[in-house]
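Both of the next two complexes hold subunit A, though its partner changes from subunit B to subunit C.
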Partner chain A sequence: MGINKMLMRNKRGDKILSIYWFAILVLVAGGIFGMVYVFYGTPYDVREIEARVLMNQIADCISYAGRINTDLISDSQTTQKSGEDFLKDCHLNFKSSEWEDEQYYTEIDFYKLEDMDNAVLSINAGDNKWLSSCGLQEDKEQRNLPQCVRDSFYSLDNADNQYIIKILAVVRKTEKNVKL
Partner chain B sequence: MLNYRKIGKRAQIGETITWIIATLIIIGTLVVFIFFSVLMSKVKNIAIGDIKTDLTKESVSLNVKTSLAHQIANNKNKEIIDNILKENDK
Partner chain C sequence: MKRGKGNRGQKSTYSSKAVGRLTIFLPKNRKGTILIENVIFIILNLVYLSILVLFLLKQGSGAIVLEQSYAKNIALLIDSSKPVMEMKLNMEDAMKLAEKNGIAKEDIVKINGNIVKVKLSAKGGYEYSFFNKVDVTVYPDVSPDKNYIIKINGYK
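This part shows the complex of A and B:
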């Protein structure tokens, strides 16, 4: 074999090797890009915390220092409020320019200790179409559905009547918290 | 006499296999890393239970309200109320 022929073969081998290395480089870079994109492209889902914060805010509005707000229950007499009035009194605003629909829903039920089956006062505010997803969430957590948080606490009215207050807070905001 | 052509071809095959295995290892490692990043991206929901604080359960807002009401009512029906609240938590 002539020297020229051997040199030609070596050159071709070098070329193939360069292409190979370049392909590997692209592959590794693509892989790193993919990993970063997948991880950072998925938003943090903070809806449960948001629902908890909303719930605490509502609870602070309903009851303070162990006593129920007298605007709601005073001497066992309840004052029915519309959702809008309640939100206004609690300095809450469910409407946002970012969203066409309201992204929150809340339901507050007051039960007398003697009758836990019938609520003496019920208040709900926000968009109640999100409520239907709460039942589904109990079966299996569906991240695309709104997040529901339920909790209850105990409080007294000004006549020392005992009440259990149940709060449900629902937060949708799916697009901002879940990669669809 | 040694057949240099045959030896050269064997060496080439050996080297090619080495490169193929190296490529497979690189691809495999990438796939594993991508798989883990997909898994980690799925657990990016922050729940209140995940937050580690030194606060006790009693210091959570709603529990504070309940214990304050118990104090005002001198623990009247405390056991019944606590049971109802526990039931509701389930």
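This part shows the complex of A and C:
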């Protein structure tokens, strides 16, 4: 009788243990499914790379082999260009049927080495409403806002005058790169 | 006293002789039970783990993930390219998946204006735009047939 009682108690213990085991399996599976869903459900964010590629293309367009494009600065004489003309000359197309608004913005400033406060030539193209997000991201990066990339380089004009060229490239495309 | 698994719910009593026999044969029975239970437990755990691993592998090589990754990859390649460039992109896994889903090799990557579209399943498809104003041709390579060729013909 005593043995049978012990057997019964053990069986009950096994049952309780198996319920807990089953609960643990469900929890682990649920956790993994959740993590996988979040991981693969989040799009790849390529906006920073895209902005860098845009910046490189612009840099190649305005200065080649260390010399500024003579269409922009020649013998210290600058030629102001509209955004559309600049994009056309640099073979860039910011419009797309995929988006209602332009998803890019760029700003190029040419400074003489002697005067770094006043730009001798400024060109901007694209939708300037994305520019405001760059200031907001200075302290903390906000993934939901357009991504901004800034860089500068040194170049010479055809009269060997020295310039610092600062480029800002902004890419929005939030819906395609961030889970909202 | 209740009986074991076989007669659940039915009430019956064991004779003192039977209890004696049970006590005698208990060590043998217990060994047998432990072995079978453990084997089943291990097999079930292995089945559970393999299902989880298969799920993870399938998710990683799914059409949705690959379509997005290749569309963005191709768009960025076109963005950073210059005329007369010819690029070869290894798309072996995408081609295998497309073949499995009944999509022809030629239909995997399409370029419409300045939008790249990658399609690996009948229902799916992912689009991503590029800013470089170039004339692009894309087609699958003949040998080796795992590559896709992206050819930049010139500026538009």
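Operating definition for what follows: the second predicted complex is superposed on the first by the 147 of 180 C-alpha atoms of A that agree within 3 Å, B and C clash if a C-alpha of one lies under 4 Å from a C-alpha of the other, contacts with A are read in each partner's own complex, and residues count from 1 in each chain.
Here is the rule we use: contacts are C-beta pairs under 8 Å (C-beta built on N, C-alpha and C of every residue); 3 or more make two chains touch, one makes a residue touch a chain.
The model shown is predicted, which means the values in this text are computed figures rather than measured ones.
Of the two partner chains placed around the shared chain by superposition, subunit B is the only one that A:G31 touches, whereas subunit C remains out of contact. Shared-chain residue A:Y44: touches subunit B and subunit C both. In the superposed pair of complexes, A:N56 makes contact with subunit B and with subunit C alike. Contacts of A:K112 after superposition on the shared chain: neither subunit B nor subunit C is touched.
Residue contacts after overlaying the shared chain place A:Y154 against subunit B, while subunit C stays out of touching range. Between subunit B and subunit C, B touches the greater number of residues of subunit A. Once the two complexes are laid over each other on the shared chain, residue contacts for A:L92 go to subunit C alone; subunit B is not touched. Look at A:Y20: by the touch rule set out above, it reaches subunit B but stays clear of subunit C.
When the two complexes are overlaid on their common chain A, residue A:R67 makes contact with subunit B while staying clear of subunit C.
Across the superposed pair, subunit B and subunit C both touch subunit A at residues 36, 43-44, 46, 49, 56. Of all residues in subunit A, those touching subunit C in their complex are 1, 3-4, 8, 25, 29, 32-33, 36, 40, 43-44, 46, 49-50, 53-54, 56-57, 91-94, 96-99, 103-104, 176. Of all residues in subunit A, only 20, 24, 27-28, 31, 34-36, 38-39, 41-49, 52, 55-56, 59-60, 63, 65-67, 113, 116, 143, 150-156, 160, 162, 164, 166, 177, 179 touch subunit B in the complex they form.
Residues 1-2, 14, 19, 22-23, 26, 48, 52, 55-56, 59-60, 62, 64-65, 68-69, 72, 76, 79-80, 113-115, 127-129, 131-134, 155-156 of subunit C are the ones touching subunit A in the complex.
Those residues of subunit B that touch subunit A in the shared complex are 19, 23, 26-27, 30, 33-34, 37-38, 40-42, 44-48, 51, 61-63, 65-66, 68-73, 76-77, 80-81, 84-85, 88-89.
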